[in-house]
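As written, the chain order gives the labels A, B, C and D, with residue 1 at the start of each chain.
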């Protein structure tokens, strides 16, 4: 079946819906395609808040937000983009409030704000309340509010349509190919402009806070079409995932005053006294950025100060102590987190600390775009006409080597909106062009191979292997050896993937087929992550090389662009970091 | 019957409370004071002569006491009110059940009208019986 | 520990349904979703069910587990207190395959109550003013994840009347009607006071018991009933 | 089968007892109309009231009215106050206990009484 729309938005998370909303406000014929139902998207899992220098609680300025983000990114973020984001954040958040988003309130009826990791006043002096929040379900409220507004504006939704390929003619994007999960039909969606907002690739790792559906679809689709991936080596590990499960305990928990404790610190539980982070980041302690805290936790565990004391970062854990906050704060400010702790760990956070360990959380890298959300063909900023990307799938880059807490939500709403606005401009000056050939032939072939290929490999074996090798060899700390091991293992798994076939032959909701396709996408992500990590011989932000422990601004103050050449072969390209206001400095907190 | 769900909902609750009050009085008066509680006759103002007659026929006792009660028109008003509120609450309840349980539109409409009709007939019978009850007193 | 898992299967191609039984070795702290995934990975890859976030915030994996609507990712095996796990799709919606039901009608049904912000007054330069107290009134109903567990547990919907607006839509309506900034209540009252509206709710509490987000839905509906009585 | 939890059981019982009470109401008004026709008619009706079957029915009716009334009271509380809605399970059990206790006491008196 062939559908024709002015614009297609792929993904119904925060970035996708914000973009769709912008387009619908200008009366364009827009369709949102999602492999899930709209409010199932992973934006809904974001808990703590969305950063914007409203200054409702105490003095704040977008420039401080700008500085914190640059510093948080370990100076790899492009400063022109970050400046735009921090300034746009304010009006974008207010706009969300005008769409009805139920932010928590200050006593004088304004949007309430709380401190968050890495957010400071006056260029690093002290923690500042900048994260606008709605209890601990800010992402959930953003997702629902945007969906509600899209319903109001009668945006057309194609639910459970899984986008598998781009239609690229010449160098222009003309739409997408989508697999209708309910019928098994391959659909062609022709559009003048396409927005990819499909999220990250956390499921390439075994312990992750990400949804099962977070499988790097958008990145792999572009990568296969010859679009490079930017900064793929930067994968954020969130310090406080629930032990074994990886479910996130939001940074808001530390924003409200939660403290990390090791086994030497057990007596201080409930007292509110400083924990081990005070020695590592004397100014902002437990509210240091995530890469810093994750590494500190890793080291604590490795040196035998984990709660179990085994020294094994794979299984040992630490405590997140909220007890001193009291039942009131815990129940009103952190209700969802408390609920998770009770449900999954049988831990009552009012009375006892929560066992936590670092969990794979966020992809800083992704599809390269400019500040208007336009996807780029190369490191020289040549745009792909008609193709946009925003949110975690994209790399603007505003997060550089490490994303600050709350900036993911800022990213999706700011760049979803900016992308939408630029699409409006683009749509006004562009006509439909003619599609040639059979754009869906490739995907039909792929589906046929997976369903009828007769190979003997199982999806689950390959997936489990990949997740394990990525977690162990490409995790919080990396070395040349571990990364080579990871890369080689992934290459072998990619070979085996060619022999995958699924037992399920049905057309209707063939979830086995869907998982096989997702695995293919994940293997692309894993491959690009390992290759990019191997080439970057320095430690910066979330990328920590034990064999290159220092940041190397002389050689590596640049973005990596990884291009697909042929299977097993990639080529690198580099783009200098845009520096406008803040010269790189050592990063201490 | 109200066309608006909101009013019908409220009425059902208001009548429930009324029934609680009225039925409580009704039961207390007819089934306690005139039954097990012999002292009830004093309250109703039965003299020694009445009691003597009653002793001869225990059934007449009830009849007399009822007659005594209905000699006061206030109690007729009371009973008519109870019958009205009770039939409304009861038959609206039946209608609500039909609304839920009968999913076919036609049958539901028929069921509703039959309910209204029976409810109305019962109400008329009850009201006529109370009003027309004019027993002779000895 | 060992459990017996009975999973509902429906094949749309042949229109046949049955229960498949699997014996699985599980950890009592495993979630039902973990067990389902283990079955899919190890025993039968063709079992179809929805899943995504796996920690109770997305609402994909609503299903009927041992006779109650739950999110499979939220129920630990030990909490079931049974070695027999009986899983079937949520009721009252068309089954498409195995545990997957058609949610289109459910989502379309929600739209009846105009589940979106309708500004009561033009937007100010900064945010609308809302006191902490006013914000708290509707806090609970903002938690809804639209998983459908409530509506499909309600006999008024499931047994009798698929036109019934249903608890999920009432939760959405509550979230906006009691938002001091919203001005669209007039438009919503008609649907609520309709014959398929609020009055089909008999305070059965199935919705409240089923809600994975622990929203007291019946209370929210009670709030709406009183509001409607006063304002109509 | 979907589990019948407390609230649903109460709802079903409320409907069943409601129908039973309406059935009694019809009989009661019908017989009342007869009774109003004079002492003889009255006595005839009273005699039927005294049969074991009818008295057993009346005792059951007491149970129905007690449950319907108490549960109705609980429902009104639940719909009008958040306090009661939050404690709905407790209140439901309280309804059951009260209904049973009152039914035993009242039923015993009714059965023992001389009609």
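As a convention for this text, a contact is a pair of C-beta atoms (placed from the backbone, for glycine too) under 8 Å apart; a residue touches a chain by one contact, two chains touch by 3 or more.
Keep in mind that what you see is a predicted model, and the values were worked out from it rather than measured.
Novice: Hey, which pair has more contacts between C-betas, A-C or C-D?
Specialist: If we tally the contacting C-beta pairs, A-C comes out ahead.
Novice: Please compute the C-alpha centroid of subunit A, do the same for subunit C, then give the distance between them in whole Å.
Specialist: 27
Novice: With chain centres taken as the means of their Cα atoms, state the distance from subunit A to subunit B in Å.
Specialist: About 70 Å, centre to centre.
Novice: Could you grab the centroid distance between subunit C and subunit D? Build each centroid from C-alpha atoms only and quote it in angstrom.
Specialist: 35
Novice: Suppose each chain is reduced to the average of its Cα coordinates; what separation in Å results between subunit B and subunit C?
Specialist: 44
Novice: Name the residues of subunit A that each touch 2 or more other chains.
Specialist: Within subunit A, no residue contacts more than one other chain.
Novice: Would you please write down the residue numbers of subunit C that are in contact with two or more other chains?
Specialist: 225
Novice: Going through subunit D residue by residue, note those that touch at least 2 other chains and give them in order.
Specialist: Residue numbers touching two or more other chains: 79.
Novice: By the document's touch rule, what are all the touching chain pairs in this structure?
Specialist: Listed by label, chains in contact pair as A-C, B-C, B-D, C-D.
Novice: Please output the residues of subunit C touching subunit B within their complex, sorted ascending.
Specialist: Those residues of subunit C that touch subunit B are 156, 159-161, 193-195, 197-200, 225, 228-229, 232.
Novice: Note which residues of subunit B are touching subunit C in the complex, please.
Specialist: Those residues of subunit B that touch subunit C are 4-10, 99-101, 103.
Novice: Going by the contact rule set out above, which residues of subunit B touch subunit D in the complex?
Specialist: It is residues 13, 16-17, 20, 23, 35-36, 57-60, 62-63, 66, 83, 86-87, 90-91, 93-94, 97, 118, 122, 125-126, 128-130, 132-133, 135 of subunit B that touch subunit D.
Novice: Please name which positions on subunit C make contact with subunit D in the complex.
Specialist: 64, 66-69, 91, 153, 155, 158, 202-206, 208-209, 216, 218-219, 222-223, 225-226
Novice: Contact residues on subunit A for subunit C in the complex?
Specialist: That would be residues 36-37, 39-42, 44-45, 94, 97-100, 102-107, 109-111, 134-135, 137, 140-141, 144-145, 148-149, 151-152, 159, 182, 211-213, 245, 247, 336, 339-340, 343-344, 459-460, 502-504, 506-512 of subunit A.
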